[in-house]
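Next, two complexes with chain A in common: one pairs it with chain B, the other with chain C.
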Partner chain A sequence: MWQVIKDIFSFRDYHRFERIGLLIFIVIILIFPLIVEQAYSRIVMIKFLLFALFGIGWNLIGGYGGQVDLGQAKNVGFGAYATALMMVWWNTPFWITVPIGMIIAAFESFGVAYPMFRLKGHYFAIATLCVALVWKELFIFWDWTGGARGVEIPVKATADFVHMQFPSNIYYHYFVFFLFITQLLFMNWFRKSKLGYQLQAVRDNEEAAASLGINVTWTKVKTYTITGGLGGVGGSFLAVYYLYIDPDLVMPLDLSILIAMTVLVGGAGSMWGPIIGAAILIPLDMYLGAWLALIGGRYGIDFMVYSLIIMIIAAREPKGIWGIIERVKGRG
Partner chain B sequence: MLLEVKNLVKEFGGVVANADISFNLSEGEMVGLIGPNGAGKTTLFNCIAGYYKPTSGKVLFNGKEITGWPAHQTARAGIGRTFQIMKVTAGMTVLENVMVGAFCRADDRHLAKVEAAAILGFMGLDSLKTYHLNELPVASQKKVGLAMALATQPELLMLDEVASGLNPKETEEMVDLLKKIHRKKKITLFLIEHVMEVVMPISQRVIVLDGGEKIAEGLPKDIVKNERVIRAYLGDKYAKGI
Partner chain C sequence: MGLIFAFISLGLALIFGVMNIVNFAHGEFMMIGMYVALLISTYLPLDPLFSLPFAALVGFFLGIVSYRFLVQYILRGPMVAQLFGTFGLMLFLRYLFMLIFGPDVRSIKKGILVGKTLSLGWITLDVSKVVSAGLCLLLFAFVYWMINRTKLGRALKATSIDAEAARYMGIDTEKMNALAWGVGGATVGIAGGLLAHFYYITPTVGMLFILIAFAIVALGGFGSILGTFIAGLIIGLIQVIGGHYLSELKFTFVYIAYFLAVVLRPRGFFGW
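And now, the complex of A and B:
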């Protein structure tokens, strides 16, 4: 037990420069809303933290596991719908809906994992994408989910820590940061766990992993299940942040791809990958898009720039931006 | 008997890669498996270790039938193996790779780490701990592969061309290392090898495959004089010369 706690909080095996970087990063996030008052910047920051959160969850299967999953949005959707529907139906406190959303997402992931992991590489990616799209269509089709009209969560009159509704963005900033930190700590434990090691061995070479007594499929299934559960957390946050969700908002294809891209651009299989990826893609998306639209309605150019960056990184640097940084600093 | 292979057949479509092969390995033996390219040596390894399902025949390990078991189960049962060509990745360090092997028997990370370090020490690889596999020369990579397999604490260790790509000095080191593993760890060794300098001094017994069939089995000194073996390796012309 003591060992687990130590594993969760210990970042000692990281390079000193990374630990200092992490500390500086945390301090910046903590003081950010105190310095920056502009609403739009705060929204960008919240979105950045949310995608860093998504990225950390996805990084388990996509980075440490090397399985490109293009369906994480379905898990976000499960979390979001669990929270929204339970609040509408029974006025359930947020912190109860989160684990339930996680369990639903994990359960579904476990259910579809076995058939999907019979596939490898691109075929696996396509399968995940299809499963996510099927779920989205089902949520549009069903009545009890509110269909395409979505679900509206009743607004509370005052700041409410039970249902996590707040009058100001500043609360949501610290709220999503708290969720981010919990997943960061979970990831820190996971990568040092037996499953974490075995998963990396599977990623590196499946045949060799099997020769070391690792059940390759089972390892992937377990990780995919955990990744599903982690995806639900961000979804629950989205529900109380927007107070309105529909399938196009919380489970679209774009979201699945953006989550994967965040990690792949930043550097899959490292602590920094999701953070760097989100720090580049989210502001780029939100500022460049807004700016180009402002200077003359040039819609769509931001997508071109965006895609170009992703293509260059995918072609030139498979280990992402963190890969470049590691190479420059050299292994210490 | 540690390993019994009975009438093992493996076909790929119409191609017979292993035809009716039977042999036994006793505990503590060191046995070589030789044969020209395409003789079916690696296929035989893969059938025993669970990478292929045999078309027919039986494999018994410690008296228990393990025919068709998947690779991770044979590994847990006590059959370790190395690969001819190790896919080299930058993912993990040498120590971490060996730890993954140790996780086969240990659940706790610290226990796995202690065991992995002990094995690296035993193999004389202490200084390589923090390197990544792709930073190492072939000889060291092969030794790390061996260390990973050893970390699973096998009773039977199957080595697929552990000396290929090594220079004479490295080959000599490898032979010493294998002898040390056999002597100190009491592990049965079963090795595919092309390099005769490795097979002949180590093996107590040699099994020869050609064209998917077992053509000879016996002591190394007899095998080198066996007519069928010479014919398989060098052709009819040389066989007649004896």
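And now, the complex of A and C:
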């Protein structure tokens, strides 16, 4: 037990600069809403933290596991719908809906994982994509989920810590930051757990891992299930943040791919990958879009710049930006 | 419809089979083929049917250019880089066309084939679909012949089976890869030109088709032309029958079929 707690909070195996960097990062996030008054910057910050949160969840299977999953949006959708529907139907407190959403997402992931991990590489990636799309179509088709119209959560008048509804973005900022930190700590523990080491062995060499007695498929299935559950948390946050969800908002294909992309751009399989990736892509996306709208540029240029950056990173630096940093560090 | 799907996937099957790379931008190549047909029929005194060679040419160049400037580099990286490289290309092309043409839905309004129907006693057929299907069949036969009977096609196939061995045999694999992208782009350009006759044209139309194309290619076995052909027909049928009973879920049936197919037989029907 003591060992587990120590593993959760210990970042001892990271380089000194990384630990200092993490500390600076946390301090910046903590004081950010106190110094920045501009509403748009705060929204950008929340979105950045949300995607860093998604990225950390996805990084387990995509980074440490090396399995490219393009269906994370379905788990986000499960979380969001679990929270929204239960709030509408029974006025359930937010903190009860989160574990339920996680369990639903994890169960679904577990169910589809076993057949899917018979596939490798591209086949697996496209299969996850198909599963996510099937769920999206079903959520649009079904009546009890509100169909394409979506679900609206009744608005509370005052700040409400039971249903997590707040009049100001500052609350949401600290709220999503809290979720982010819990997942970061979870990831820190997972990295050093038995499953984490097994997973990294499987990623690096499947045959060698299997010959050491690791059940390759079972390792992947377990990780995929956990990833599913973690995706649900961010979805629950989305539901109370937007107070309105529909399948196109919480489970589109673009979301799945954006989640995977932030991790890839930042550097898959490292603690910093999701953070750096989200820190680059999200503000870039939002400020570029806002700036182009301001100067009257036509819709689309922001996505073109965006996709150019993705192409350059994919072509030149497949390990992502963290890969560049590590190389520079290794040289210096 | 199944034949068109099959034909779109053919290009993908070629690219995938030869280079073992998933091309997300494939649907966008098709979209560009559709716009070529639209532009030619609007601004030149030509029937959209005659735009097909232009669409093929544009698709061919697009394939080669994207190989030279992007794919060549991402091939060296891990699989993730390939997925995201072509995904970036897809976004780029889509929003480039969004920028030029705007997000409006367009369609071709005049032409020999547009809007005419053919009555065969008890069944009424859309002439444009029938002619498209016929052309697809012909082109299918042509590509099949090219791959299996010509020297060039055999070199392509050799590259796809074992690139290293092919290199030892004196085949310029770099050239073959570029060629596969070119031919893949050309076939999908033609498919786009045909599709433009009876389908609406928007910059985002590619996404819908690329997913179906993935399903078809996986079902037929990556790199197999005959398999792609048969799988295309099957998927077309599933979509039409499923859509007849539950039209909102017609793509769900396609995805489920894909899912079951790859899980039960990961190599597809005719994969090697």
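In this text, the second predicted complex is superposed on the first by the 329 of 332 C-alpha atoms of A that agree within 3 Å, B and C clash if a C-alpha of one lies under 4 Å from a C-alpha of the other, contacts with A are read in each partner's own complex, and residues count from 1 in each chain.
Keep this in mind: a contact is a pair of C-beta atoms (placed from the backbone, for glycine too) under 8 Å apart; a residue touches a chain by one contact, two chains touch by 3 or more.
Bear in mind the structure is a predicted one, so any value in this text is a computation, not a measurement.
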item: Partner chain in contact with A:S193 - chain B first, chain C second, else both or neither; value: first
item: Between chain B and chain C, more extensive residue contact with chain A; value: C
item: Partner chain(s) touched by A:K156 [first = chain B, second = chain C, both, neither]; value: neither
item: Chain B versus chain C as contact partner of A:V68, first or second or both or neither; value: second
item: Which superposed partner A:K47 touches (first chain B, second chain C, both, neither); value: neither
item: Chain B versus chain C as contact partner of A:V216, first or second or both or neither; value: first
item: Intersection of the chain A residues that touch chain B with those that touch chain C; value: none
item: Of all residues in chain A, those that touch chain B in their complex; value: 3, 7, 192-194, 197-198, 200-201, 203-205, 207-216, 269, 331
item: Chain B residues within the chain A interface of the complex; value: 49-51, 70-72, 75-76, 80-83, 86-87, 89, 91-92, 96-97, 99-101, 103-104, 107-110, 112, 132, 145, 148-149, 151-152
item: Chain C partner contacts - residues on chain A that touch it in the complex; value: 62, 68, 70, 115-116, 118-119, 121-123, 125-127, 129-131, 133-134, 137-138, 140-141, 253, 257, 260-261, 264, 268, 298-301, 303-304, 306-311, 313-316, 318
item: Complex contacts: residues of chain C adjacent to chain A; value: 16, 20, 22, 70, 73-74, 77-85, 87-92, 94-96, 98-99, 103, 207, 211, 214-215, 218, 248-249, 251-252, 255-256, 258-259, 262-263, 266
